[in-house]
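What follows is one structure encoded as structure tokens, with my remarks underneath.
As written, the chains take the letters A, B, C, D, E and F, and residue 1 is the first residue of each chain.
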Amino acid sequence: MKPKIALYPGTFDPITNGHIDIIERAGNIFDGVIVAVAESSAKQPMFPLDKRKKLIEIATAHCKNLQIISFDNLLVDLAEEIGTKIIVRGLRAVSDFEYELQMGYANASLDPEIETIYLMPNLPNAFISSSVVRTILCHNGNVSHLVPKSIMPLLKSENDVLDI
Amino acid sequence: MKPKIALYPGTFDPITNGHIDIIERAGNIFDGVIVAVAESSAKQPMFPLDKRKKLIEIATAHCKNLQIISFDNLLVDLAEEIGTKIIVRGLRAVSDFEYELQMGYANASLDPEIETIYLMPNLPNAFISSSVVRTILCHNGNVSHLVPKSIMPLLKSENDVLDI
Amino acid sequence: MKPKIALYPGTFDPITNGHIDIIERAGNIFDGVIVAVAESSAKQPMFPLDKRKKLIEIATAHCKNLQIISFDNLLVDLAEEIGTKIIVRGLRAVSDFEYELQMGYANASLDPEIETIYLMPNLPNAFISSSVVRTILCHNGNVSHLVPKSIMPLLKSENDVLDI
Amino acid sequence: MKPKIALYPGTFDPITNGHIDIIERAGNIFDGVIVAVAESSAKQPMFPLDKRKKLIEIATAHCKNLQIISFDNLLVDLAEEIGTKIIVRGLRAVSDFEYELQMGYANASLDPEIETIYLMPNLPNAFISSSVVRTILCHNGNVSHLVPKSIMPLLKSENDVLDI
Amino acid sequence: MKPKIALYPGTFDPITNGHIDIIERAGNIFDGVIVAVAESSAKQPMFPLDKRKKLIEIATAHCKNLQIISFDNLLVDLAEEIGTKIIVRGLRAVSDFEYELQMGYANASLDPEIETIYLMPNLPNAFISSSVVRTILCHNGNVSHLVPKSIMPLLKSENDVLDI
Amino acid sequence: MKPKIALYPGTFDPITNGHIDIIERAGNIFDGVIVAVAESSAKQPMFPLDKRKKLIEIATAHCKNLQIISFDNLLVDLAEEIGTKIIVRGLRAVSDFEYELQMGYANASLDPEIETIYLMPNLPNAFISSSVVRTILCHNGNVSHLVPKSIMPLLKSENDVLDI
């Protein structure tokens, strides 16, 4: 049997406990997981690409068979390059679901062999989003229950640097 | 019995009949209402903070036990300062609902004692939003059925000043 | 100030941790809570009315200022009899939300002074429903994490009697 | 690497092209698929259990590493018996999504190691349901574009027998 | 130009102000409207088919170019018989929308030339449903604001006969 | 009978197969269709207004009784100018639906005689949006299955000019 590698794309601005939950679940189901960090320059991320990758590295130090990459092309082209057909996405809420349906069908229209599988985060993470984390960070609030403990020091120093 | 004070936060850009409906309902249920106007500078409001507060003052002149404040910190921190645990939010539609769920759980994660209660505006106001009002104002359309009559003169002069 | 009494109607077939969460929240916000158990004979409940009331009594023994009643008339008529205008409902998911919107507006059309307030259960209870509990009970599964510990003995004996 | 077996539960009353699509996708992602037909006597299926299994057998004759079983216990107990932790579900629409969220969290509360993965059927099958097929069959309409061609003869003879 | 006839199907158990609103709007847009009352025996209607037709007749006495028929076949077959390709449906809420999407695509799969057009009822009727009306009727509540005034006497006598 | 003219407004940035499907359906139902291209300068369109109109012209060359105009005023004012009361909108997904409800009720509040009718695109176009097309174009991906074949050459040259 050929190993099954799952591609988990996102902006991860920053990585949250919800993302970690999906990464760990994908790791249980598949033989390997590639976390693909979108540059997403159009979204004007709060954290630069390198920082976002660094935070994921630290937060996933305990995960086996995991690779972290960045990309700035179409997801189907990235999957082609990597040689996998399996994309993993987390589903949190109705608005997510609508968006994911649209993206899933767009990707399938570009490459019919792509299989997108959807996982729901466990309940404590069901409503965490990077956007909520950023909002709390901007007001100097506490996010230690929303993100991996290990990245907390870097989130703080980032704030100092950015003077947010 | 200690008086129950409800905190009603929002951007109010500008206040609409839907907001007034929620303020009046909250006033019927609780012993006092504090309307908290978010600075929301990131949203680039159409009306500056002072103007938004002024419009609310005029539109709520008939409401008893009402206070109008502005804030630029986390809602849970504002509630802590004020000494209330009750937040009131209007619910209009599914997308509202999803957003409110996420915000409600985010706030509960920061302060588990916070109680967010949701009210639905009465039918004639069920689909009014500040965003619709702004769109109509930008095209010199008539909003007199969507906002309190008493603020109409100020909305018009604002348009003159802004030359929209 | 006149005491604010909240009316919390439902079928409670059987009461779950989600219901308890809403009852406790309503108790924090209002001066008293009346749990109103609908006969709901059309729904063919799994537990008879008396049993449903008994389970609520046991499960809410720790709640102050709580009363448990049953009803078989329109909710607005019940509220009129009791002399309160405040109805409390839990909101769990989109389908709930749609249903609640429709019921809320139907009740408001019958009595415009009725105020329905909506509370969201805390996250661990966000997806519990009586229907899920009944399904698990019917297959002799474990529901001890979904319902109050104190009612577990009665749920079991019920199953024995019903030979489900 | 231990083979990954996916459990695909449902009532399949009757199997549709949408089900076949999910079975084929699951077969591409995992090393084997077990189609588990719920007795669902409470739903009063149109087709008896044996017929539903027979239809699946015929319709999936081309699928490798596939097994068809029936069950009448809790899904988590079935998964335990079979020795897999992976459940596959198709997601078609918002109401599906809400229901699946609730079921997924209920199953996770019974066995935290269960992983439910969700797949979206391809577009031509995105709105097919067994319920639509049954409605059309009841009115002697044409369902040959909604179900596998190979089961058409059996659906017809069933109608004859049932005199629908 | 050939006259455009719209087919408006439903159970109408009983007809509500929401239905009347859609009938009037369809009458403004098209050259004629055919109200098609589904037998819907599987739904076990509260009012028998003849009574439902009678109520519609009375309630639509003011509408021109209107015809009332009943049907018990597939909607696409009925449209074929009548010789129109235009079906009109009212859209009230998200759950409606999902259901309508599914039915719309099912009908399109049976006859690709069928055009289903969706109208939203005006705000005061946006949350009225026959189901709400039946619930209120069963508890002897007042439905005079939810249904056409002209059918009120017949709804009452029906209740007397049925002893509801 | 006076001819029925439908107004189909949008940004069309760029026109997709989904738009074409709605235009053709509206053309089957009504006696004429006016495609009204919103300037939408606030949305910062990818294609300038003239280009968007040009693309529609080419893509609809086969449609009879069609007119293409641009507008920058309120939709109800445009409808007034044109002398029609019928607005056509495509409905794709729940988020669309919510937005359309809000816009529809806003327009009805400005002119109660306006009738908005909603059409669902056929399945292959059910998840196409201009936004998906723009995203793929920005990454030099293939959109030939999402937009009319006839406009492909112009989309490419645009990319060359813009050096995207």
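What we mean here is this: contacts are C-beta pairs under 8 Å (C-beta built on N, C-alpha and C of every residue); 3 or more make two chains touch, one makes a residue touch a chain.
In this text the structure is predicted, and so the values were computed from the model without any measurement.
**Student:** Touching chain D and chain F alike: which chains?
**Tutor:** Both-contact set = A, E.
**Student:** Copy of D-F's interface among B-E, C-D or E-F, judged by over half the contact pairs being the same?
**Tutor:** It is B-E that repeats the D-F interface.
**Student:** So which has more C-beta pairs touching, C-E or A-D?
**Tutor:** If we tally the contacting C-beta pairs, A-D comes out ahead.
**Student:** With chain centres set to the mean of the C-alpha atoms, which chain is at the far end from chain E?
**Tutor:** Greatest centre separation from chain E goes to chain A.
**Student:** Starting from the Cα centroid of chain B, hunt down the chain whose centroid lies farthest away.
**Tutor:** D
**Student:** Let me have the rounded angstrom distance from the C-alpha centre of chain D over to the C-alpha centre of chain E, please.
**Tutor:** Between these chains, centre-to-centre, one finds 34 Å.
**Student:** Round to the nearest whole Å and give the separation of the Cα centres of chain A and chain C.
**Tutor:** Each chain's C-alpha centroid was found; their separation is 39 Å.
**Student:** By the touch rule stated above, which residues of chain E touch at least two different other chains?
**Tutor:** In chain E, residues 94-95, 98, 101, 105, 123, 126-127 touch at least two other chains, as defined above.
**Student:** What chain-chain pairs meet the touch criterion?
**Tutor:** Pairs satisfying the touch definition: A-B, A-C, A-D, A-F, B-C, B-E, B-F, C-D, C-E, D-E, D-F, E-F.
**Student:** Hey, which residues of chain A end up touching chain D in the complex?
**Tutor:** Residues 1, 3-4, 25, 28-29, 31, 85-86, 91, 94, 97-98, 101, 104-105, 108, 112, 115-120, 122-123 of chain A touch chain D in their complex.
**Student:** Which residues of chain F touch chain B in their complex?
**Tutor:** 72-74, 76-77, 94-95, 98-99, 101-103, 105-106, 109-110
**Student:** Sort out for me which residues of chain A touch chain B in the complex.
**Tutor:** Within the complex, chain A contacts chain B at residues 93-95, 126-129, 132, 135-136, 139, 141-142, 145-146.
**Student:** Going by the contact rule set out above, which residues of chain C touch chain A in the complex?
**Tutor:** These residues of chain C touch chain A: 94, 123-124, 126-127.
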